[in-house]
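Paired with chain B in one complex and with chain C in the other, chain A is shared by the two complexes that follow.
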Partner chain A sequence: MKIGIPRSLYYYKHPRLWTTFFSQLDQEVVLSPPTNRPILEAAVRYGEDESCLAVKLVFGHIWYLADKCDEIFAPAYYGLEPDRHSCPKFLGVPDISKSIFGPDVRFLRCEVDDGMFEPGMLELGRALSANGRTLQRAVSEALMARKRYKQELHEGYRRQLSSEKAKIVVVGHHYVIHDSYANLSLLAKLEERGMEAITIDSVPFTPIESFLRWDFAFETMAQLEEVLNHDIAGVIVLSNFNCGVDAITVPFVEDKVEQYDIPCMHLILDEHTGEAGLITRVDTFVDTMKMRRVG
Partner chain B sequence: MHYLGVDVGSVSVKFALIDEKKNVVDTLYMRNHGVIPTVKKGLADFQAQLSNGAKVSGVGVTGSGAGFSKVLIGADVHKTEILAHAIGTLHFVPKVSVIFEIGGEDSKVIFLRDGIITGFEMNRICSGGAGAFLDSLAGRLDIPISEVGRLALHRENEVNIASRCTVFATTDAIHKLNTGYKLEDVLMGVCNGLVRNYLAMLYRKVSPPPYTFQGATSKNVALKHALEQQLGAEVIVPPHAPCLGAIGAAILALENPPQQTQFKGFELAKFDYHISSFVCPDCENHCEITQIMQSGEPIASNGSRCGKLNF
Partner chain C sequence: MRERVFTLPLCGNAWIPFKTAAQQLGLEVVIPPPVTNETIALGARYSPEGMCLPFKINIGNYLQALEKGANCVVFYTNSRAGDKKHGGGGGGMCRFRHYGHLQQLVMKKTGADIEFFILGEGGGLIDQLREITGKGTWEVIRALRVLFKKLRVIELLEELSWRYRAVEKRSGDTTKAMNKALEYLESVQDFGTLDRLDPESFFASVETFDRQPLRIGVVGEFYLLVEPASNCHVIEMLGELGVEVHRHLSLGEAVLRYPPSFILGKLMARWLNMSIPPRSEIAEIARPYLSCSVGGHGRESVADTIRFHDAGCDGVLHLLPMGCMPEVTVRPILRKVSEDYNFPVLTLSFDELISEGAIRTRIETFVDIIRLRRERREERHALPGS
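After this line comes the complex of A and B, so read on.
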């Protein structure tokens, strides 16, 4: 069977988890390409208008996959740790997808709560009539692939720390900072300007106590605790317009960064964000950092 | 030796000429009626205005239209409007701690400490709290934009105008006029609302004065009054306030002098420029590529997401 995986939301958190799982079950995986113009246009057409761009983009990617596979994988994430929560809009993705695309598009549903992937995987495996041993192996290979990906991110992070260039930490949801079409290639723009762009998802956690219950908020604060103790020239926070989780998180991030006396800039993106405005902000931020270093 | 600064904004284009000691020789402010004719005419007018002539050793450009104008004029230095404004302001008010600048389509707040930019805010998704809104409202009410501030200070009653969105603000202003409020009252209400919306960017972190207020909107005495009232502090309108970005760009050119300037001269009229655009067919992104043609040859190209057609 051909299983479509939208390259959006949680795909960016653990790109190899679900692709490995389905491949191990001898399913053909069809991954949608990185966001491009037709996908963005479909996202705006199909997405409900109160969502942030990232949630709209899921529907763009599903639109792309609709006639290219038998079923589309649509997981609902509740939270990645006990007593923590993902964005509530993620819960709705499978049901909203069903209502948008109607009965002709079939979805493989799966639920992830408290960061437990096994229960959902076992259920999916049974639905795909996988035998017990193959299924067990698929689960452990998938979880291993996820772990290895994380290790690679951390290794990359350590390499970046030893770089001679000025280091900028880019804070944001993984699906915002790694979707280069939607974020107007922010990471590449920073690199073109001679900066070492460290994405927050590559930073290991320092254990912290926090009352923040959103996965993203909690993880980001734990990662800032680690990365801000290095020689960091600036922090750029990248948000999607309308993101409720960021509305809670960003003031805490800004406050934390301010305590270290590091310049911090908050960029908000939407589907109509002009590149000129983004470049003005990035250039000014880079100039500001240079002025501080020289001054 | 002189240095030329050009600030190409969305509503206006500003020119400034400084000498090697950073003294301002002259400035020129023009409405932007399309970047190619405005820059051409501006340079010609500016040259006519400079009675003693100018020997230009370097050119700096800034503003939202700077990337484009850089090739048009032959500029040596291109910096963002925030940096240019900060540099221009520091020249006149070295101790400035916060710069308030309300432009046509964007508004900014720049924070400084000991002459170094420590942070900035720009209006984000919407340009609502910016000068072009006042301009269009004044046009609709058939009063010259230069009169708005003076009229507004003659208000008799306090009028509250919804300020979050200029579409609603316009509706609200027209409604208030139709319920019998005086024009002066409504104009002051609009200025107050615009400043309220503008200052909403600053949810925290305001250091003590000195503050400056600039951009062409700083000529509007009612806006200055509203800003001072809402900040509870005096704001300085520096000399050449509408042209500080251009002055800053000129200073940046002076401080980063080119070996040999790229400046094409004040007589740009002799060059034939036009714009051509096409859709790149190479992938599904179908980027719209814009090129500046000089005598039939592309001298600059923009709009390609993958970057291969940008130069």
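After this line comes the complex of A and C, so read on.
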């Protein structure tokens, strides 16, 4: 069976987890390409106009995959720890897709609650009629792949920290930071200007006490605690317009960064953002940081 | 220690029972002035841009209450809606759960010297109230009993007023009767009197036409349903156009669906004297369109749209603050429901920039459409053999 995985939302958090799982089960995986113009156009056409760009984009990717695979994989992450939540907009994706694309588009679902991947994976594997031993191996391989990906991220982070260049922390949802078409290659732009761009998802963290209940918000606050204690030149917060989670989180992020006396810029992007405007702001921000360094 | 003067965010007429309960518990309270465009603009100026309209109105309320001498805010948030997969909803997954803390930060940034009490988070509601008031459990429960009873009476009055307004002979009679009733209620202090009240009797003076008005169900985000100033008074607007309005959720019902604790839930159901469909039933009705909860009252909006259709309403009005996480998620689904059931659904989203004129135009058009639909249907029925 051909299983389509949209390259959006959770894919960017656990890129290897699900691809490994399905290939271990001898299923063909069709991954949608990185966001491109036709996908963005489809996203704008099919997405709900008050959603954030990322949630629109998932419908763009589903549109791309609809006739290229048998089932589309849309996991339901309820939360990655007990009493924590993920964005409720993601949970509705399969149901909304049925309203938009009709009942012919079929979805594979896997529920992940309290960060427990195994129960959902086993259920899904059985539904795909995998035998016990293969399934067990697929689960452990997939979880290993996820762990390895995390380790690689952390190693990259440590390498970046020892770099000579000025370091900028980019805070935002993994699916916003890493979708370079949708964020107009912000990371590359920073690197071109001689900056070391540290993405927040690469920062290892120890959980801290927090009232923030969303996985992203909770993790970000803990990660900031770790990264801001190093020599950081500036922080760029990257949001999608109308992101509900960011509306709550960003004021707390800004408050935190302010306590460390580090310059902070909040960029809000959507499908209408012009590149020239972004370049001006990035240039200005980089210049500001350089001037602060010189004294 | 300074004398604490409490205030709370406005939520329709709910300030009346809250004030009564606060007085019974010996607290000094300042009620913010009614929500106006000025309140909304004030709140929007200090709130993060991306926050939803109810948040901004709350901030506006606090700032205006501050001017009148308040120095403490009491905010209720429901963090118990933790069963994500099966029942999840209420404030559990949407931004509402974080309101209290962010409001605290926003108020701090304005330089205001204001203390926050976030009820319903950590520890039991009753324990928190005991700590704030210094009263015993029994007194707290007694005050809550009057609070919920009064809230229910007011909600019944509101719902009655929407029925009367649609068929009143002299325009404005219902509003007058309603205001008089609320004025009277403000002074009532004991449970027994409230329990014996007949809400219908307050509208005895309203003369009505004997006709079957159009009926519209209102679904959506609950703050917009209960605070008329946040929705440009659409419900009154509909009443004046001769439409009877039913809402899918009142404040009492919203609290009852996701109660602060099991025992309080049971007590509240007694005090409110209302039965609500169990969550499993709501989930079952919504299942063909939405298989899981999306936080807030998103799933309720889907289920209740179908229920309003089945109850023979002429249309549904879906209200949401711009960018509301659960309601934006269900909006494409409501469109599909509307298509499948051949049932008119109008979605209106509100933010601080909305103008009443724009809303009025859309409401009038919507009412025209459903009126035409009904007339056509009646004509068809009148033809022989059709």
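Here, the second predicted complex is superposed on the first by the 295 of 295 C-alpha atoms of A that agree within 3 Å, B and C clash if a C-alpha of one lies under 4 Å from a C-alpha of the other, contacts with A are read in each partner's own complex, and residues count from 1 in each chain.
Following the convention adopted for this analysis, a residue touches a chain if its C-beta (ideal position, glycine included) is under 8 Å from a C-beta of that chain, and two chains touch if they have at least 3 such contacts.
Please read all numbers here as calculations on a predicted model, not as lab measurements.
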Clash or fit: how do chain B and chain C relate after the overlay on chain A? fit
Looking at A:P38, would you say it contacts chain B, chain C, both, or neither? Reply first, second, both or neither. first
Given the touch rule stated above, what does A:R281 touch, chain B (first), chain C (second), both, or neither? first
Examine A:G115 and indicate which partner it touches, taking first as chain B and second as chain C; both and neither are also allowed. neither
After superposition on the shared chain, which partner residues are touched by A:D270: those of chain B (first), chain C (second), both, or neither? first
Contact-wise, after the overlay, does A:R292 reach chain B, chain C, both or neither (first, second, both, neither)? first
Which angle, in steps of 10°, is spanned at chain A by chain B and chain C when each chain is reduced to its C-alpha centre? 80
Which partner does A:G244 reach: the first (chain B), the second (chain C), both, or neither? second
Have a look at where A:P204 lands relative to chain B and chain C in the superposition and call it first, second, both or neither. neither
Spot which of chain B and chain C makes contact with more residues of chain A, would you? C
Pick out the closest CA atoms of chain B and chain C after fitting on chain A and give their distance in Å. 5
Quick check on the output: what are the common chain A residues between the chain B footprint and the chain C footprint? 241, 268
Per the touch rule above, chain A residues touching chain B in the complex are 36-38, 181, 185, 241, 263-265, 268, 270, 276-277, 279-281, 283-284, 287-288, 291-292, 295
In their shared complex, at which residues does chain A touch chain C? 48, 50-51, 76, 78-79, 83, 85, 87-89, 91-92, 94-96, 99-100, 111, 113, 211-213, 239, 241-248, 250-252, 255, 268
As the complex stands, chain B meets chain A at residues 64, 67, 79-83, 106, 114-120, 122, 124-125, 283-286, 305
Complex contacts: residues of chain C adjacent to chain A: 48-52, 79, 82, 84-85, 88, 92-95, 97-98, 101-102, 105-106, 121, 289-296, 298, 322-326, 328-333, 335-336, 349
